[in-house]
């Protein structure tokens, strides 16, 4: 079931007395939940970056004598089916999952902004063409196409990266991004369409500013608000998509851990060793909640007359 | 309005064609294997293999056939070679001038263009330089156009695994998906609408906060993890208590999968309604709760917005009972975006929730897709994707129409 | 305002009505109406029926794979073989202890009883009389002839014609005598005709791929027949009352058997504990400790001929299916695996016993050779786990780690350019938890000796795909593959297919043959020739021993562990016995359910 985050696109007028940025920042700070979300994410990032340095275990080092140990003083979250320390794997997996999330977001937002911006700005034929393209991509049932694409693009023929985990990580990221840019494009198009008609744009045009500058230096910064909000939600969506794909077995190749493929590995013994299934899922839940909180906070701050 | 409708329908056609091109492109980049059936058959001579490939159209160009479909041999004759790669220099045969051949493959070696030809009459095959032939070119004699023609005539191909028509396999699974998803949809609305309304009316109350938190968790939880937890809890952990009687005590509270109990059906000759319900509860609950988490938010937001409107205050001022004000006037307008969203979600009634069906072993379309993906059965995969794409486009249109009908503010031109 | 209201109401109602209708009137996943259970059959009640005390009941069996086709000469999957076995009978069958016994024939043809001519080319089978197909027609020699014609028809789509293509003729001097005349001696002749197709129903051999028979075999000769098959859910088999032993012995005892397609072994393990299924097929060794604790469940583990092995590519992987002639003229060894010392180092660097102990709970045996069971089994000593020797070998072979990253590079190696790191691609079937675990353990073991492996798993349909589709195995575009193959009671076809020089798949032979390693050893061809030209099993066994010794030295494959065939069933199921030479369904007519 969907629950499209971008159904309503609110437009702002820049009628603030104070500098617009500080006003928004203050509104954001007041949003307690969003602050909470940021705190969680920052903690998570710190732990993920520096935690592994303190861990005596390596994520891929198997220890066949220590299979499926429940949480204990030696292994705070227990071990998995090959004796690898779960906590260490969660942290390394976090690097991969978050990297995929952020990278997929960057690609999809860039792509979406480009397409939506061009469509909104130029209108007419270009708008029609680009929107048909967007509609076509939206018409595909996403999980289905994700699976097919990941099957087909499983092993990108990039010689330099051959044999490293980066190959499958990159291909998964690309696949996820290719199916995530459409809501952003719609959003950006709507923004551009309305901002384009505003007085300060007409003024700039009459002064002779060329199209490119118009788009990037005048319109885009004003459309930035909804884009940032969308980008935030895209990260959460990408993390969940990656976990679904990996759970079904179409994600990153072993032995590289991601939160999603840890859940897949856990499935065969989730009754015997529930900790292998509970912790990866839990951390996905927490991360995604935190990101959503931040997104909501941003949305409230950047779209003041939403509520 | 009617003109808008017609225009949208007309616009949908190139969209569908574009989708079919993309879909077929996906088939092309995935390895398809119709010859696997003949794999171990030592009786298959290279000529037979070539004939089969020609009949199945395996090596023909993908979208536009500029290579040529058939040709005639130029005088004096054409020498046939085993491969174009030059490992085996002596020609393996010769075709006389004027012989009609089908072209089944092409390659380029440096400057020389080679084609693999098949003489249907003499039943011999081999490679020859392209300039030995006069070639008739028909750009539409390609795999894509042949596929499109077949699709438009209702032939969606056969599964490479079960060798049955794709449409037949999809048709078998469709009712199960529709059954599960429709129950889930009803369930989700039954939860989301009242909860959303109440949360909106009593904004900032404890209930409202609880609802918001739960909706949050519902939005953020990976659905398959939720399903796994449900199974761990309701199937592996909880059991019927002792007072449930001999046959039930100690049995898991809910079945771990499937749509009905086979042995029961065997013994009784049919499946009683309560067995269907028993198997339906866990997956339907999971989907309903998950879906409700999304819809509650919208219901609540919609109600909140509407309650503040002038006409609601007017209705109150007119002295109408609060209940009428809320459930008739306010709800009607707050429900508009919900109806739109519902229409947009309709395609899942047919596409099924892949993850849910896989976890609960529900024999529906979603699970068919997953199994086909595991077995690399591309014909089935494409069939399902095409159907879903068509449905999504159709329901998108329906959603726009409903929205226009319901919201007096919208005007289409 | 009014029509808008109307529209809203109508759309809401439509939605609800549609859904409600769907809910109550849905057919059970598209099946035909079910006939009531045939437990009450009209039998004479005066004299006690033979087998009456054991008769009755429905057995539910759980399989995590579903067959695609059931036609015995098209199907290749194991589950399809099992499902078919309930309904089929052949001329000769094999008992669990590997003795051959007649099934539809009256006796096993031998030189002594004249069934086999002195030159070994003419085999005469005498068929049992009085056997009926399930539609009442008599079974006779014509059915055998039809079976042969169907297999050999060029367009029939038979997956293998091995042996049948060597038959010059299959004829019927009378209705119950079959005379098979071979053009050349075919050593595994007793294994031909494991199932007979009905010749009297007018099926067209040319259209065999499209026969409805492939999804609904009828008529049948076996103890059970197919009543319904609900794709994605289950298959129901019911007693065939025309079965030979029904009237005389009351077999099959069971009224019906349901083959249920379950999502995975995991689900199956739950279902058998709750009693929703009575039989769980194909567990793995790792399941045994847990399965032994299930109350009321019997675990059966039998060593089988399958061996999980590493298949090494001995030839340059950039070449696309090079033919034997090409390789003989231009030896193109694999840049790493072409060197026998590297292959030996890999085997020495893998602690097979540890894998067996830890991942398989000590319930398998470390692998030594292809032929680990049966009359032709070979005796090859287990390779030691010796990482130090492995490292020395690699050093000698010119693979030295100069930059200290733990991975060796080529410095003076025979087959690669200097500086090339020893990184090899390691592939197996995707989605198999045990295999993925084994892969990761092997990766680590080889990392210790300086070889780095990287994983690129494929769905099994792609890994085992056909030559025409460009499958990596067939075209030689791999480094190391890992999977299991098994062989039957007569290993000749298997050994020839995997190890003969003329079994290298390439364009010239339309991709036939299974020598994917592209190992060329003329000695092996010689011994295969010996093994394939005499019915004397002693001579043949010696020849296979010699071949196995050559394999152990040449290492086109490294054998990891011998598999076991593990199944679980409820205690109430009696009469079931596993038979690795046939299928788990070989004696389905003997099964019965003990009542409490």
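When the chains are written out, they are named A, B and C in that same order, and each has its own residue count from 1.
Just so it is clear, a residue touches a chain if its C-beta (ideal position, glycine included) is under 8 Å from a C-beta of that chain, and two chains touch if they have at least 3 such contacts.
Just so it is clear, the structure is predicted and the values come from calculations on it, not from any experiment.
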{"item": "Chain at the geometric heart of the assembly (C-alpha centres)", "value": "B"}
{"item": "Highest C-beta pair count, chain pair", "value": "B-C"}
{"item": "Between subunit C and subunit B, distance of the C-alpha-averaged centres to the nearest whole Å", "value": "32"}
{"item": "Chain centre separation in whole Å, for subunit B relative to subunit A (CA means)", "value": "24"}
{"item": "Computed distance of Cα centres, subunit C from subunit A, in Å", "value": "44"}
{"item": "Multi-chain contact residues (two or more partners), subunit B", "value": "236, 358, 373-374, 376"}
{"item": "Interface hub residues of subunit A, defined as touching at least two other chains", "value": "151, 249, 267, 271"}
{"item": "Per-residue multi-chain contacts in subunit C, two or more chains", "value": "270, 431, 459"}
{"item": "Residues of subunit A touching subunit B in the complex", "value": "1-4, 7, 132, 135-136, 138-141, 143-145, 147-149, 151-153, 236, 240, 243-244, 247-250, 263, 267, 270-271, 274, 277-278, 281, 284-285, 288-289, 292-293, 307"}
{"item": "Contact set on subunit B toward subunit A in their complex", "value": "11, 14-15, 18-19, 22, 26, 29-30, 188, 216-217, 219-225, 228-229, 232, 236, 287, 290-291, 293-295, 297-298, 304, 337, 341, 344-345, 347-348, 351, 354-355, 358, 369-370, 373-374, 376, 378, 381, 384-385, 388-389, 392-393, 396"}
{"item": "Subunit C to subunit A touching residues, read off their complex", "value": "264-266, 270, 290, 354, 357-359, 423, 425, 430-431, 433, 436-437, 439-441, 443-444, 452, 454-459"}
{"item": "Residues on subunit A engaged by subunit C in the complex (per definition of touch)", "value": "60-62, 64-65, 67, 81-82, 151, 154-155, 162-164, 249, 253-255, 265, 267-268, 271-272"}
{"item": "Subunit B to subunit C touching residues, read off their complex", "value": "31-46, 48-49, 53, 58, 82-83, 87-88, 159-164, 169, 171-173, 175-176, 178-179, 182-183, 185-186, 235-236, 251-252, 255-263, 265-271, 332, 335, 339, 342, 358, 361, 363, 367-368, 371, 373-377, 402, 405-406, 408"}
